[in-house]
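Listed next: structures, encoded as structure tokens.
Both complexes below contain subunit A, partnered by subunit B and then by subunit C.
Let's turn to the complex of A and B:
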């Protein structure tokens, strides 16, 4: 198990390294000149050189590449061209904003989705609960997240006026982390959070349902029922076994979800990493965009790693075969 | 108030065995093509502490009977008739009453032990679950009971902490047996408990079941297609064919003096020890297959494959009345049984069945 963990981590690191390298090259072969934005045309040559040097844009591509990784190794992502501030200082609050939207949204989406999937899967085959459940979930799953977002805004913000339409609200007197505990913040959080939940829930529901439908006819479910345990307890056995495919899907899905989250951040003008990433690309703000991409690569690699580890925990058979075969 | 291990053991030891009476039990599946009578009005009885063998070829409805006795048939199956467990009708019970009878009075040893255990729950916890569903006792006490059960079936207690996939087929089957004994239910339903095992393991598991039966004196229904096993284990035997019981009586009589041609054919199909002159009786198969139960034949269901069938057999359905005598058969000609048995021992009789392959 330990050897497996180590090799799995080394693999993950390697993937991040490759992604970062590709990103580095891709930004530099784009047919535009970022220095045009940084350096005034009429500037004297010496001043221009000094500026380029300051931004790390001198030397061959290879020199820049080595310098970039050297800085990355000590946790220095460079300075944003646009904000003229260290990238890390720009990103950190945005990361917090993104996570505060994404984590509860995804968790609730997964939990509610799995719960509803359990109910729909355990309901009478061909009955009303099953039909309605599958119908609604399929429609919700097929709807792009920007449509869901716009629909939510149209109904709850424009029409009913219950919730604000964009942003995170004015921090007012609350400073630092305090701002996240105000009513105003929660008021602003509600709609985008709902959008994330609606975006993530249907797939969970459908996967859980098909798992439960499959396992409810297994022999061991019959034996559990024969034991005279309560029906909810029988359902628990079916649900417990259906969690396995859900978890394998869940973490890689987190990675795919990133795209959906970016769209939701943009629709609701939520000041998160995703929205900033899009802005940074359009502004040709290399250091910021690259850092944001590295973060996402890390997120994706970590979710895959987490998927593997959780699966081992949930299904003892996986751990067993690994221990056996190395 | 949680009871202690000693109290639990004493309580379970005192449990009487069950008296089971089955009257006109029928299991019907509604399909688009019509009603499918998987089990058609069967009646039998298991006296307290006795064993009944339920034999017949694959698809004759043996396992469906077992499922019906615990009301485990799928939702779309209609059950009718009466299943009296110490006089209480299981078919008429509501979900709550049923839940209380399951495992405390009737326990099940399933056919496919390979798939009968939840793969993601520790074996010990699955046994504990069956105990704590019915007895108000602590986890620790239930675990102790599980250890005692494992000892009874010859498995080390330490392995209770393992998962089913870490067990061999034989160990899983023994686990399923241990689980069936967890509340010392008065009636055990053993649904082909050895089918999935290799011959050596089959023998071991059967010996285990027989030994446990001797010491625990439970009532048991043993479903099998192995006549030899029934001969060794069961006082009474019911032979099933196409969803019906065709012969019913004390095992010794049914096997030596069968009344129904199907029973005679079934015996022919099993390898037997050589008789006195050292000649091993030939293996003879019954030609043909089970009739379509969506539109069962008008007369006797075995008539098509029966070498002794007459006009009457294809038009009139023979009735079996288990109360009429100790040994009964669903055949119009019980008085000609002597003659049938003599002819049935010869391969030509069965091979002469033209038109059936």
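Let's turn to the complex of A and C:
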């Protein structure tokens, strides 16, 4: 068991290293000159050298690589070309903004989706609730999240005028951490949050429904019913056992959220990490783009690790078979 | 002796053709999959004949008789779905968007299908060190965040259809390889494969004649789903402004409407590409859903 945990952690570390290296190489072998946007053409050679040195762009590729990892090891992502500030200072508030959108969206989407999935799964096989439920969920799953966002904007912002169309608050609002505790903030949060919920709902509904349908025919369900328990409680018995796959689904989903959030952040001009990644790529602000990408990859690796460890805790047989088969 | 191989080859070919049609015939039994396949087919027809159906070149600015640009006009007889802020005909752009969606979707899905089948079969069939190496590679690939990678890669390589297809292939082979590998693992243990090996059949012969036909259903499903993933990824990239600027795509139409601030006013410009994307991607998901219902015995009605 301990051997499995150690090897699993080492493996995660290795994956992070490889992904980071791939990114490093990709950013340096691209056709355009990374210094083009940084250094003016007419700049004297000395000033140019000084600037390049400041951004760690001197020496061979290998030197740069070693220096980059040396800095990463102490948590230094370098300085943004565009903002002329340490990347960390730029990204930190954006990470908070993204998580404020991601975590409630994910949890509410999972909760509402699982609830509806239980209803659909327990409805009459081949009946109207089942057919309509599955059909609507499948179409909702096939709707790209930026179209969900555009539709929400069209209805609730342009047509009804209930919610603001973009941003996180008005310019005159409270600054710092105070800004998260105002009505204005919640007012701005509502539509993007709804888009994230709609992004997660159908998948959870379908997962839960399959689980409930599968367990409906199990013997213990008949036993529960034979005890004379009311039908909704019987449904709960079937649903509860389908929750386990859902719980382990949550971790990888969190990582995918932050990635999938990108288009929603763009539609609603929500100042998060995903939106900044797109802006950094179009501005050729490579230190920032690189850092944002690595953070997202790190999140995926960590959540996969968390999911695996939770699963191992819940079902020790997993560690055994994985230790045997690698 | 010389005749026997041709005979078995012929039999194998007939069997293979039968299996190729098999998934479609099988999916036809499921109501939602049938709807999905019909919609997909109709969209494909529009995509094939797109240049003949579009009344105007997609990037031609329409001028009124007085020589003024016909900007943001609502639907009329001349322009069935109105015009964009640059005076382009929305209907023509929508029709040409069918073609781009299918080119990206089908080419990328076939490439994804090829790579995942190759890696899945090699990994599952040979096992041992090869399997270990390929699966470690898959683990690393699975840790790459999908859309962020696509954004960075297309941003660095330059926005073109070829690069978008390349990036989609690099991203989506990984899950397919896993799924196909696990199917191969069970096929490999079948008794007739062992007999074929004992009888002196080469690995290549066994893979082509025994393994491949039996994993074909899974490969077919994975390619079908990859069409949806590819279309979705292309649409997202184009919506973010990283699409091929020389071709019309639905995502790019939405991006232009979004960037020019016409989202609130020009419904005739925003709604058609949105609906087309939702209907096409959903039709593929309906096919995948039907497949799952038919193949999971515990979900089947009794």
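To be clear about the criterion, the second predicted complex is superposed on the first by the 290 of 326 C-alpha atoms of A that agree within 3 Å, B and C clash if a C-alpha of one lies under 4 Å from a C-alpha of the other, contacts with A are read in each partner's own complex, and residues count from 1 in each chain.
The rule is simple: a contact is a pair of C-beta atoms (placed from the backbone, for glycine too) under 8 Å apart; a residue touches a chain by one contact, two chains touch by 3 or more.
As the structure is a computational prediction, the values presented were derived from the model and not from experiment.
**Q** In the overlaid three-chain picture, which partner chain does A:237 touch, first (subunit B) or second (subunit C), both, or neither?
**A** Only subunit B; A:237 stays clear of subunit C.
**Q** Applying the document's definition of touch, where does A:282 land relative to subunit B and subunit C: first, second, both, or neither?
**A** second
**Q** Scan A:146 for contacts with subunit B and subunit C and give back first, second, both or neither.
**A** After superposition on chain A, A:146 lies in contact with subunit C alone.
**Q** Does the superposition put A:138 against subunit B (first), subunit C (second), both, or neither?
**A** Only subunit C; A:138 stays clear of subunit B.
**Q** When the two structures are laid over each other on chain A, which of subunit B and subunit C touches more residues of subunit A?
**A** C
**Q** Quick one: classify A:219 as touching subunit B (first), subunit C (second), both or neither.
**A** So A:219 only meets subunit B here.
**Q** Name, in rising order, each residue of subunit B that touches subunit A in their complex.
**A** Subunit B residues touching subunit A: 67, 70, 72, 75, 95, 98-104, 107-108, 110, 112, 115-121, 129-130, 133-134, 163, 165-166, 176, 179.
**Q** Please give the residue numbers of subunit A that touch subunit C in the complex, ascending.
**A** By the definition above, subunit A touches subunit C via 11, 15-16, 18-19, 22-23, 26-27, 30-31, 125-126, 134-135, 138-139, 141-144, 146-147, 150-151, 153-154, 157-158, 165, 206, 210, 213-214, 217, 255-256, 258-260, 262-263, 266-267, 274, 277-278, 281-282, 289, 292-293, 296-297, 299-301, 304, 326.
**Q** Within their complex, state which residues of subunit C touch subunit A.
**A** 32, 132, 135, 139-140, 142-149, 151-153, 155-158, 228, 232, 235-236, 239-242, 254, 258, 263-264, 267, 270, 274, 277-278, 281-286, 289, 292, 296, 298-299, 301-302
**Q** Using the touch rule from the top, collect the residues of subunit A that touch subunit B in their complex.
**A** Result: residues 124, 218-220, 222-231, 233, 237, 240-241, 244, 314-317, 320 of subunit A touch subunit B.
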